[in-house]
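One chain, chain A, links the two complexes that follow: it is found with chain B in the first and with chain C in the second.
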Partner chain A sequence: MGSMSFMRRIAWTVGVLGVLWGTDAVLGKSVNPYIYDIIIRIGITIVLAVSLNLINGFTGQFSLGHAGFMAVGGYTAGAITYHLGPHWVATLPFPAGVSHVMVFLVALLCGALAAAIAGLVVGVPSLRLKGDYLAIATLGFGEIIRVMIINLDQMLSASRPAAERNDFMFIGGAKGLSGIPHYSNFFWVYLAGVCVVLMVRNLVRSSHGRAFIAVREDETAAGAMGINTTRTKVLAFVIGSAWAGIAGGLHGHFIQGLYPNDFTFLQSIDVVVVVVLGGTGSLTGSVVTAALLRIVENVLRTLPGASAVLYLFILGGAWASWSKFEGRRRAWVIQFGSFIIGLTILLVLANSWMVARIAFLRGVLYALLLILLMLNRPQGLLGKSELSFAGLRRRLSRAPS
Partner chain B sequence: MLQQLVNGIALGSVYALIALGYTMVYGVLRLINFAHGDIYMLGAFMAYFLAKWMGVSAGGSLASTVAIFLLSMAICAAIGMLIERLAYRPLRALPRLNSLITAIGVSLLLEFGGQMVFGPDFKPFPSIIQDHPVLVIDHVAPPAAATGPATTQSAAALDVSWHVTLNGKPRGSFNAPGNWGLVITNIQIIILVVSLFLMAALTWIVRKTKIGRAMRAISYDMRAASLMGITTDQVIAFTFAIGSALAAAAGILDAIYKPTINPLMGVLPGLKAFVAAVLGGIGNIPGAMLGGMLMGLAETAVVASGKSTYRDAIAFAILIVILLIRPRGLLGAVTEEKV
Partner chain C sequence: MALVEMKSCSIRFGGLLAVANCCVKLDAGELVSVIGPNGAGKTTSFNMMTGVYKPTEGRVFFDGRDITGLPTYQIARLGIGRTFQNIRLFKEMTVLDNVRTSFCAHPGYGVPGSVLRTARFSTSEATIEAESMRLLELLKLDRFAHEVSKNLSYGDQRRLEIARALALKPKLLLLDEPTSGMNPTETHEVTQLVAFLRKEFDLTILLIEHDMSLVMAISDRVVVLDGGVTIAEGRPEDIQRNPKVIEAYLGEPVE
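Right after this comes the complex of A and B.
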């Protein structure tokens, strides 16, 4: 879009807000809650993935602790709306609706701030490490954050008299904090999504952003060119963590609860998977993959859906390896034909067995998807490129020739 | 105190065995093999099914126990080689982070696959080795004091008489202040002995055999090693086989000790053993043993001090401290960064 005049910016902003508001109103009334739930989860995953892409994709660091920062932000925001929210709503001199929104925004911003501080505290020491050492250190920090959340109530109540200790509840420990107001809706989640995409996009086009990419491409050379590499890496980490914190707040105010087990290592991996499958360094890749992964995950909830995905796997593999089997077409037919027949026999024979274990089958397929995509397309679906209408038009006009 | 030391050493031996596999694979490939903890789980499950199949339920003969161990280790060695062949070898030329993500994928595959095939619940592990105490030190309060009103004083403050029982026979007693209470079971001794034996065998392989020299050469410089005529693919497969066999042995030992198994039992021990490998200096075999022992002792100390909710955090705290203060680990060599 290049540089825009002030008025066009205003128009765009109003337009985006209007579209989000309108879609929110329509979705809230017309879509069944199950679909709405998936749509919101896609939005939250987009915020997480795009923010992690700034760290893992554009700056080339490898964080495996995003869930930890999500937890910090989520718990901060949740504790504010849970403990202070009702009081604020009662005392603020605005209509109740406006007060609720203000409480929510203040909580989200505090969550982002807390997550950013956590990101700074974790990032400054651990970003001295590189590659897999950094990955494992951030994983460790993520788990430490979770253990601290589980133990926080106990620590805070330790100095109180024994009678009060059992009733003490700040963030709920291992049981979790439930009863958070339902503030997140399509509008807020996707507004955050639009903001994080625009922010990361504009950031990586600025001179700061070029510093991020320079650090990714060659840290030593970037340092030699006068870039403060430590500062650049920490900055990316702090911004990414802040957005993870916002995603945590949105998550907590959507499912109306915060539970330590939602923020394990697996949650961090899930975000990494979205970023890597979408292509590290591709924003549209992250967005598209976030949507795809959440949808596929829901398709896999039933055996027919899971079988459809399995058949698609095989057909996709057959399509992708067509050129590899040049001159060995019979081997190609035999291999993929036997896959399909084998799968069909398995589905017929072990149907009830699989239905009973569908949750684990889903995990198995998720893992297989990750491995197969890594083996066949290690750069991710989009690599470092972006989807755009201009690019699509170029492709279409080139296609006939 | 003494008791915690013994428990810590038993736990540490298990961690050390797993850590060896991490450190060996990291040494040759610079890859954190996330699936390693799940191989440990598979080892325990293989032993479980073999014991069922062979009909060993309680205190089987020595031959059947050894057979269970060796067969499970062999199966896991084969699985480890298969994983390397299918999931890691095709990516070897690409950036290491790709292999790391694939390793995470393999780990998830084994965890979910394990839950699907074996069922997600905890299973009681058959006691293929009957558990009995070998060395017991306990104290009996003197009869005079026991009836008197002054017994409320804590035993630790007094000179109490401690009785030593070895294999069920009293072997004398001694008087000492403090808590000398101790139970060492045969399983704890077996864990330590088997681990020490396997570590010695591994050290021998790596130091004295031809393939061990090839492993060290690859770890030093893979390209140069292959130019010198070392068949790197075979040696790497062998490394995975040995590491997986050790993990399987660790899994069986731990299963006998606990004695329950479940498909997610490998996740935390895997991560902790990795931390142990980093603590000792990754790529360094004595370092992995030392790191494993220290990790076991540290964890037992945390549990003994009544802070058991922190037992899983201590490993990561150690990891972060060691990475910040001495990233090469306690026994690791300094690696120069080449530009």
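Right after this comes the complex of A and C.
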């Protein structure tokens, strides 16, 4: 728990930056763009999931508005680099490369600030609500943001002459804001990932973090122990929203565009799924699941990939239920054998009907995964536990040699 | 001067008058018990004192201040610690963290300090941990410090609630049925514990209790509530002989 010495801190910072920089350089040259795209999306999902875990997992406030905060941050950052960026780069007295980085960082910070303010405005009234009611209120907020983004340009141009109205363009409305510079890369996305994990981890292991967890565990008791529960909840909400805003900015500057349909309610659900699957209250869980789900999602885009996942599922189920079929091995063989034969027939048929793409299976499998998890492991993959070097060492030394 | 005083407090839930015109006054250092049948309004009085409920009428004074209607957390910070009738620990947290939670109000460093792990963070956290461990040792819970609190035995959970309340450094401690669900041996231990803590921490204690052996052994005064009304108040031995109290507990004598 103690704080590191100043020199060790500098060494660690330089080390982490160096590793990120080096990996970025290697990945940029060696990996094909499709894989690189998945790696970046994993990073952005990590930032979203870890920040939502602070709200949903540690503070226990079920929010369904994360896509809304992501949109606020993304559009703020995007509008800055799109409208002001070129002008700043031209006037700043630095080499162009440095100016671009500065514009990007300023835009991201403004996005974070805007999302944090949105979090404050939404959080103060809606955090009086609990459970389902809070979920519905935040869901409504997310939709309000999206509808506002779609209509903002028309509202702003309403007072202009009719001829100008069609050309008016601020954030692009339903068409989206395209032509944002490509600033996000492995380095920035994973730097944000490292920062959010460290920040939430350090916060949770402090008195302020204990206040978050106390509110989750028992709000009445937390109040009786002198914790300002409203302030605590709003604080978690604001910090989580700010990071969602940064994720939005990274997303916009990676795909070089922002589209209202990327920030629907389904996007919020997607992040919630990562947090719940990984274990509410486990940072490692969020990180691992973010990577797993993004990979599975892409594997499912092709028929061979999807079949592989389905076979894995069945084999996993067979393996897990081996002991339950004690003394009924024939039933076990028949059950899982028929599963596999049935699936094979189904896939052969599917192959002749649809050739390759059955990405729709993704939704079905997600739902299936969640149901299975809630039934068998309601605490999520990792529950509330974390992977750490110290823990690993302890476990290794305990194991019989 | 009185440390805490409820001046003719009443509370209404819709048409139900749960507590009517309740007057309780405790001088610093006193130990007063509140007894009464179920539904008499004992816990409701506690909740008015700690800000969980705002009295419909009347005012509450603590340490010379009007605290009526203040939020719970501010009243706690002024120095009223409490335990709950149905144990309300932070179940998933460790025993040590449960106690450390009481320091959250004044951790001695800000949010940025905890993120950046400043030197002040380290020294403050070290102090918090040392003080929490001292309390746990005092209540013989130190060997469970890193155990998740929901795994403790019932009696240990009750003691942990007291430890957590004491970590607030309260002037007034409210104990809501600290021996409910305990056998006579355990009750006896709690009796000794309360007497010990009162001396050790120089506490004023208000106790809700059904177990008369405990009430009679350590109370300076006893307040009897029935149906939301104070029906008797006085020294334990007088209360035992008070016909109104006997009637409330045992019913009217048969002619």
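Throughout what follows, the second predicted complex is superposed on the first by the 381 of 401 C-alpha atoms of A that agree within 3 Å, B and C clash if a C-alpha of one lies under 4 Å from a C-alpha of the other, contacts with A are read in each partner's own complex, and residues count from 1 in each chain.
Simple rule for what comes next: a contact is a pair of C-beta atoms (placed from the backbone, for glycine too) under 8 Å apart; a residue touches a chain by one contact, two chains touch by 3 or more.
The structure displayed is predicted, hence computed values, not measured ones.
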Superposed partners chain B and chain C on chain A - clash or fit: fit
Partner chain in contact with A:Ile334 - chain B first, chain C second, else both or neither: neither
Which superposed partner A:Leu235 touches (first chain B, second chain C, both, neither): second
Partner chain(s) touched by A:Val19 [first = chain B, second = chain C, both, neither]: neither
Chain A-centred angle between chain C and chain B, computed on Cα centres after superposition, in steps of 10 °: 80
Dominant toucher of chain A (residue count), chain B or chain C: B
Chain B versus chain C as contact partner of A:Ala211, first or second or both or neither: second
Partner chain(s) touched by A:Leu349 [first = chain B, second = chain C, both, neither]: neither
First (chain B), second (chain C), both or neither touched by A:Asn202: second
First, second, both or neither for A:Thr220, with chain B first and chain C second: both
Chain C versus chain B - closest C-alpha approach in the superposed model, Å: 8
Shared chain A contacts, counted only where both chain B and chain C touch the same residue: 220
For the chain A and chain B complex, residues of the former touching the latter: 62, 125-126, 128-129, 131-133, 135-137, 139-141, 143-144, 147-148, 150-151, 154, 220, 269, 272-273, 276, 357, 360-364, 366-368, 370-371, 374-375, 378
Residue numbers on chain C that touch chain A, as the complex places them: 50, 52, 71-73, 76-77, 81-82, 84, 88-93, 97, 100-105, 107, 109, 111, 114-119, 121-122, 124-125, 128, 164-165, 167-168
Sites on chain A touched by chain C in the complex: 1-4, 198-199, 202-203, 206-211, 213-214, 217-218, 220-229, 235, 281, 384
Interface residues, chain B side, partner chain A - complex: 30-32, 87, 90-91, 94, 96-98, 100-102, 104-106, 108-109, 111-113, 115-116, 120, 271, 274-275, 278, 309-310, 312-313, 315-317, 319-320, 323-324, 327, 339
